[in-house]
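Just so it is clear, A, B and C label the chains in written order, and each chain counts residues from 1 on its own.
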Amino acid sequence: MDRPLRLIPTDPLDRLARTIEALLVVSSTPLPVEDLAAAADDAPERVEEALRLVADRFAEERSGIVLEHVAGGWAFRAGREEAEACARLFERPAQRNLSQAALETLAIVAYLGPCSRPDIARIRGVAADSAVANLLDRGLIAEAGRDSVAGGAIRYRTTPLFERVFGLESLSELPRLDDVGADAAEIRDRLHTVAERRSA
Amino acid sequence: MIVRELELDLDAFEGPFDLLLALVLKEELGLRDVDLAAIVAAFLERLADREELDLEACGEFLVLIAALLELKARALFPEEEAELAELDPEEAAEELARRLVEYRRAKEAAVWLRERLASEGDRYFRLGPSPLAPKFEIPLAPRDPAELANVLRLLAKEPPDVSLSHMALRFPPVSQFLDRFRALLRRRSRFDFETEVAELTRLEQASAFLAMLELRRAGELAIDQAAPFAPIRVSRLAKENPVRDERTDAWTVRSA
Amino acid sequence: MDRPLRLIPTDPLDRLARTIEALLVVSSTPLPVEDLAAAADDAPERVEEALRLVADRFAEERSGIVLEHVAGGWAFRAGREEAEACARLFERPAQRNLSQAALETLAIVAYLGPCSRPDIARIRGVAADSAVANLLDRGLIAEAGRDSVAGGAIRYRTTPLFERVFGLESLSELPRLDDVGADAAEIRDRLHTVAERRSA
C-alpha cells in the first residue's frame, strides 16, 4: 500500500471505522460484514469491532444519520426524528398504497420463498398477475429463475428492498404464524370427520 | 339452537347463516370472500354459550359447512378440479385443509406486514445510487455462449401437458336435483338422502345436497337427522301455498 | 410540533444540522440550499449556517464521509483516502453477474436478431424493462432503429462488447439450436408457440 505519510495520529480501529463510513455512504444496498471486510481489506472481526464505533457515532437522537442492521447487512438511513423533513422532499414509491392483494402476494412470496404466479394463484384463489406486476414495479419482489418442473413459469422472491422497507434484518425475522395452527388443526379434524362419514 | 339463524359478522357478510347460504347458491356472494373458519368460530362460540351439547345443531352445522368448504375448494383451485375429484374424500379433505391453512396464513402475514409498514414508516433511506459515488467501469467476466443456448432451450421447452379431463367434468346443475327431489316427494312422503345419492359421483352428490338445502329453505321439505352422522331423512312438507322462487329452476352452480 | 421531550440538550442550530445530515444521506442527487430549507422548514440563511456545522463534522481526514458542494448543491461523498476501498467494493463479483432475466433477454436478442421490448416480453411471458435497461447500461445491447410494425417500438441488437464477452467472432458462431429450430424464424415461431401455451 502506498498511502502518503500523514501527521494525524490514527488509531487503526478508528481508521477502519472511517473506511466503513465511506463504504456505507457510497453503497446503494446494505453491506454484509464480509463485503465490508473484503472492500476494506481487513478481518471481519475487526470490521465488527469498528462497526460498533460507527454505530456509536451514528445513533438515533445523536446524529441525523443512523446506522442500522437491515436486510442482512449494514446501512445508513435518516434518523426517525427527521421523518417529517424527509417526507417533504422524498417520495416513497415502494410502500405507498400497497393493496390487500399486493400484501397477501408479498406475504406468500416472503413465507414460501421462490414461487411462481400459479403457486400464488393457487393459494389466494384468484389470479395474481396484477399484484405480481405491481410488486415487481415497486422492486419489492424480483425474478428468481424459472420453475423447471411446472412448465418453466418464472418464480419470484422478495428483494433486499423488501426487507429494508419493512425494517427486517432478514426474512427469518418474519413472525411465525403458529397462532393460526390451532384453527388449522380444528378445520382439519372437522373435515376428516366429514370425509370419513362420506366415504363410509 | 337453529343453525340457519346463526348470526354471522364476517368481513364479507353480515346476517344469518341461511341468508349467506342462499346468497352463495345464487352466486350473489363469492365464497372466496367468505371466511369459513370465522363461521366455525361463531358456531363454536354459540355452542359454548349453551349448557347442553346440541347434537342436532352440531350435525346440521357440520353438513352445511362441509358443503360450503367443498364449493370453496372448487373455487380455490378450479384448474385442479379433475385432480381433486380423483382424490378420495379423506385426501381431498386433507388437501383442502392444507390450502385453507396456507391462505389463512398468507392473510395473517399480510396483516402483520401492514402493521409493520405503519410502524417502520418513519425510516427513510436512499433508494438510488449515492450522488457522488465514483463511477467504475466494471469489466465483465468472459461467459460461455452455451449459456445463451441453454436459456433459450429452457424457454422453448414444452410446458407439461395440461390435463383436459376436467373439461368433461361439469358441475351438474342443481335444478336437475330440485326437479328430481320434487318428483320423488310427490311419490313418497320421505326418503333417505344417502341411499338416494349413493350411486352418484361426488360432484353430483354435492349438487344434490345443495338442492336439498334449497328445497328446505323454500319450505318444500324437512330434513331430519336422529343424531350427528346418522342418515339424513328427507320428508315432504305439506305446504298450503307453495310459492316458488322463479329463479330456482334457472340456477346452476358455476362450473369452472 | 409534538416531539417527545428529550433529555439531550439541543442547540437549535445543531438540531437543524442533524436534519440536513438526514436529508443528504437519503438523497440520490445533490441538494441545493433552497430544497434543504424547504424540507427542514427553516430559513435558507440558517441552513447555510447549519451546513457549516455539517461540513466541519464531515471533513476530509476527520470522517470517512465528506460534505461537498458541487454544481447541483450539497452532497456527501467518500473521503479521498477511501478511494481504494470504494473501488474494491464496486468490483465485487455480485455486481458483474447477469440475472436470469438479463441472460434470457440477451439470448433472445442474439438468436432472433433485433427485437423490441414487446417482442421480448411476449417470449419471456413477463415484462423485460429492467433487464433491457440493465443490458443497455452494461453496453451488451444497443438500440437498432424502430420496429416497422408494432407502433414503432425501439428495437435492440447485441453489441461488439457482447461478442467479446461471450468469446464470439460474430453472431454466426452462436451454438446451433437445431433442436429448437433451423433458423431464427423457426426458433421465433417455436418460442411464441410455447409462450402462448405457458400463459394459457
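Here, contacts are C-beta pairs under 8 Å (C-beta built on N, C-alpha and C of every residue); 3 or more make two chains touch, one makes a residue touch a chain.
Just so it is clear, the model here is predicted, and its values are computed rather than measured.
Located most centrally within the structure is A, per distance between chain CA means and the overall CA mean.
On a Cα centroid basis, the chain most remote from subunit B in this structure is C.
The largest tally of C-beta contacts between two chains is found for A-B.
With centres set at the average Cα position, the gap from subunit B to subunit C is 45 Å. One simple way to say how far apart two chains are is to compare their mean CA positions; for subunit A and subunit B this gives 34 Å. For this pair, subunit A with subunit C, the centres built from the Cα atoms lie 19 Å apart. Among the residues of subunit B, those touching two or more other chains are numbered 124-130, 133-134, 155, 157, 159.
Subunit C has residues 22, 25-27, 76-78, 86, 100, 124, 198 in contact with two or more other chains. Residue ranges on subunit C touching subunit A, taken from their complex, read 3, 6, 8, 17-23, 25-27, 31, 35, 38-41, 61, 63-65, 76-79, 81-82, 84-86, 88-89, 92, 99-101, 124-127, 198. Touching subunit B in their complex are the following residues of subunit C: 22, 25-30, 68, 70, 72, 75-78, 83, 86-87, 90-91, 93, 95-96, 98, 100, 103-104, 106-108, 110-111, 123-124, 138, 140, 161, 165-168, 173-177, 179-181, 187, 190-191, 194-195, 197-198, 200.
Within the complex, the subunit B residues that touch subunit A are 32, 37, 40-41, 62-63, 65-66, 69, 75-77, 80, 88-90, 92-94, 96-97, 99-110, 112-114, 116-117, 119-130, 133-134, 154-155, 157, 159-160, 205, 229.
Of all residues in subunit B, those touching subunit C in their complex are 124-134, 136, 138-149, 151-153, 155-159, 162.
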